[in-house]
Amino acid sequence: MKEETGTIVENHHIQNEYYLIKMRADHVSKQGKPGNFIMVSASSTLEPLLKRPFGIFDLNPPYIWIYYKVVGRGTRLLSTLNPDDKISILGPLGNSFPVLENETILAIAGGTGIASVYFAIKEYLKNNKVSLIYGAKSKNDLNFLHSLETISLAGLYLYSDDGSIGIKGVVTADIKKIINQHGITITISCGPDEMLNRIFWIIKDLKTDDYASLEAIMGCGFGICQSCVVETRNKEYKQVCTDGPVFKMEEIQW
Amino acid sequence: MKEETGTIVENHHIQNEYYLIKMRADHVSKQGKPGNFIMVSASSTLEPLLKRPFGIFDLNPPYIWIYYKVVGRGTRLLSTLNPDDKISILGPLGNSFPVLENETILAIAGGTGIASVYFAIKEYLKNNKVSLIYGAKSKNDLNFLHSLETISLAGLYLYSDDGSIGIKGVVTADIKKIINQHGITITISCGPDEMLNRIFWIIKDLKTDDYASLEAIMGCGFGICQSCVVETRNKEYKQVCTDGPVFKMEEIQW
Amino acid sequence: MVDLSVDLGFIGLKNPVIPASGTFGYGEEFLPFFNLDLLGAFVFKGIYKNKRMGNPPPRIQETPAGLLNSIGLPGPGMKELKKIIKRVYQSTSTPIIINVCGETDQEYLDVAEYFDRMEEVAILELNISCPNVKSGGRCPAQDDKHTYRLVKQIKQSVSTPLIVKLSPNVTDISAIAISAEEAGADCISLTNTFLGMAIDLESRKPLFSKIVAGLSGPAIKPLALRLVWEVARCVHVPVIGMGGITTGQDVLEFILAGATAVQTGTINLIEPSASIRIIKEIEQIMKEQNLMNLRELRGTLKT
Amino acid sequence: MVDLSVDLGFIGLKNPVIPASGTFGYGEEFLPFFNLDLLGAFVFKGIYKNKRMGNPPPRIQETPAGLLNSIGLPGPGMKELKKIIKRVYQSTSTPIIINVCGETDQEYLDVAEYFDRMEEVAILELNISCPNVKSGGRCPAQDDKHTYRLVKQIKQSVSTPLIVKLSPNVTDISAIAISAEEAGADCISLTNTFLGMAIDLESRKPLFSKIVAGLSGPAIKPLALRLVWEVARCVHVPVIGMGGITTGQDVLEFILAGATAVQTGTINLIEPSASIRIIKEIEQIMKEQNLMNLRELRGTLKT
């Protein structure tokens, strides 16, 4: 974990509100593990004040990638960065997905949730079988399909709310079937709270080990402000930034 | 006077902290007169909060130019603008230099003060004889020399504090001599308060009509906040943004 | 069509947006930007009995998302203002509010009585945040008893509806608001600026001649919202909320917190037509949320 | 070489920069970023007698140049904290300050007495801004008599130097500061956060479960500077200033206004090594201005 000034190599506008930043970050790129996130600030003034959290989408030292959607002031500013612009980074932060071998893994990503599992999928593919369920509102919200189709997933299941691509419906529609079909032993999920909630109730009685990467409003990202808490089943608060962002699903109070 | 969204055509980095912006501003470019200024904001957030005042350096509808020096947050942000970026403008503001014919004019500019007299000089050259005294710290702070040498001034006198260009010394060094030599009837000045102050005391007993373009901290630029006041000789306050920025020199309490 | 009108009891306004005192000149300065008839009402800059120069410059300083000002309430005095009121009254049917200032209780009273006789003046706003010469520079708004005494005295002498404008620099804003209400205020507006200060490191001097100055702008919005909510809970007269408003969303937050109308301040300096944009934004959000009128929203914060 | 050391009377610090309570964890979280020995001192996050969960999320909201927080002072309770103190004490020789909280005067006293017995604790900072269950949620810092009573009681029972940390949400900060001093406070620190509020328009609910929240960050700096100046003028004990500090220049402004030392708050969340940068900036400015030490500057504001 370090403070670092990165340099934008490319700020690729994928489509609509979606962007992929490639940046040079000597430290973070060396230390980052699948599941980790970083805090970044695109602003040179005090507005917005806080850094913003983003999952490490991919990494190849000295470069890292973040995939983001423009939703407010911070991400809008981020989208105005040009090559050679500086970006202030804190990272890598948080825990990571478990190291696994010889498992049959199912990754489930909703929307920008793909950002937090993509790197993990690539790592897992080295020593495991991996399938992916990936869904969003419409085909305009599903990106990286070409990459995903060429990294030899055991299965790739696409969903869209409007049926514009893949199966019409939500990512949770056929989870049980897919788990049975592939003999899944591990699931990793990332997406909106509501999606994770539904996943939990669907798979909680199956024999899989289930991990989810959570989001929360973060003030600092490194355990100081205690703003990012999530309630656990035993009625305690855990900090998403330091206890997570990856949690065993049964730990959380859904 | 109007609120207008301009478009950057070019944000030319001249040298060191000096920039020249060419922007498209349909309204301001149509209405602007020599001596007028505009308020601009380069920020899309609330930081910095206030717009910043800049003299209209030059104008050729639908384009206007502003010449600025990076001195703080607002001007630093301005320097990051790229072609096609939007810039929010309020203008044209303030009064203007008097309309003159058949006069022998001396313009005196210190540093970025050239920004407020350049346009006036060009206008005056149509029907008057114009000389210019132009000075700054060093040759790295004196710009537009090529243009100035080719617009048929009756005299061009350059000064630098360090002698790196023109005469070593301040712009006020030879004013009296120059006024006598050319038979100057009108002077217009723009530059640091201290320079204007010295000019006033040097030329106050000569027979010239003397105008100065003043600067002040401005909250609004159009007469509302009463922040931009300057004290007059009869112990009143005048607003630089609406009563000025051009004042007859003898009006001001130097 | 959504209905933007609001009712202050003593007067109805076509919409809740009122440019605030000191940030809207005498209204006419804004004629190049929009028709004053589009506003709910507007407030003239504060007026004392006699002509005042105001403070020596510098008078403002930008701060993070805020503005410190120490203008010192310059103005032409009440007699000159009368002429201006008559002139501005010709150019709009929107209610004109006069912001009444005083260095002593008597001066407040004189100014209020003077404008009470003018039919062109729809409402008086008593700016009880003026430093008071007899209370060691403290303003009436910082003392519930002083507030009560002053408001009572003025209500006994004038018949024009009276808004009392509070200062935020107090321990218990409710106590001041209740005093103003009990003394007969027809409406409470808040908040005036927060006391702040700036220092020039190089000269080692306070930046402003009066040392302290008033902070306004987006920086204070969360603070103003809290104060408006507290006051709206404890008085029965309508409340006009202000402090850092820059968007229609801000306005609706103040209305949820209990304000009947709002005032726009610092934003008018930066974006002259802001109040008109804000009115449009309110309308837009109301449409999106299927709100027919603002009564449905006011004070409905679920706490 | 410039001399950055400052003297609080009861202790000398190698420099005036002290990370503030709640924005610096227990110090150890910052070990990846810098050596704690570089700091003047540092304050642990606030501690109550027993374990506390804190408030349900959301607990923060960004505002223009500011941060609203309603964390609710979660913590492990004083017994667990003792272990942490012993551990952190191993990793640094910089004085550790314990931020003492309580829902009642008795709880404040219990916590203060508990840590008074630990040699690892250099200073106690009494956070009198905690909502008090017996005063209808008001905090002691909003009442000069309550402040006096509480500080007096604690000073009679503990021998560790006591800083009293004030709240800005008062009409007359001097009155509170003087009460604290008269009751025996060894030092005054200010300011804690300003009361603010945020509303979620869509759900028409307050964003925070406790409705109000505390505003910190650059937005409040001009307000904090005014308060520190007022307090430093009227007390004789040293004053520790804070509120929105982000640069060395900010620090020197607080010192000019009369502060002996300062605390850095919100900036620690955004830029973990900010305090170290700020120390360097102070040194840099002192060199530029030919200042040999901070005593030359403190309280020398020319008013």
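Labels for the chains are A, B, C and D, by order of writing; each one numbers its residues from 1.
Here is the rule we use: contacts are C-beta pairs under 8 Å (C-beta built on N, C-alpha and C of every residue); 3 or more make two chains touch, one makes a residue touch a chain.
These numbers were taken from a predicted model, which means no experiment stands behind them.
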Centroid-based (C-alpha) most distant chain relative to chain D: B
Centroid distance [mean C-alpha coordinates] between chain C and chain B, Å: 37
Separation of chain A from chain C, taking each centre as the mean of its C-alpha atoms, in whole Å: 48
Centre distance in Å when chain A and chain B are each reduced to the mean of their C-alpha atoms: 53
Shared-contact residues (touching 2 or more other chains) in chain D: 61, 64-66, 217-218
For chain B, residues that touch 2 or more chains besides their own: 46-48
Chain-level touch network, classified as line, ring, star, complete or other: complete
Residues of chain B touching chain D in the complex: 46-47
Footprint of chain C on chain B - complex, ascending: 1-3, 41, 46-51, 88, 90, 216-217, 219-220, 222-231, 236-237
Complex contacts: residues of chain D adjacent to chain C: 61, 63-66, 68, 142-143, 169-172, 194-199, 201-206, 211-213, 215, 217-223, 225-226, 229, 244, 249, 252-253, 256-257, 285, 289, 297, 300-303
Partner chain B, residues of chain D touching it in the complex: 64-65
Of chain B, residues touching chain A in the complex: 43-48, 73, 76-77, 82
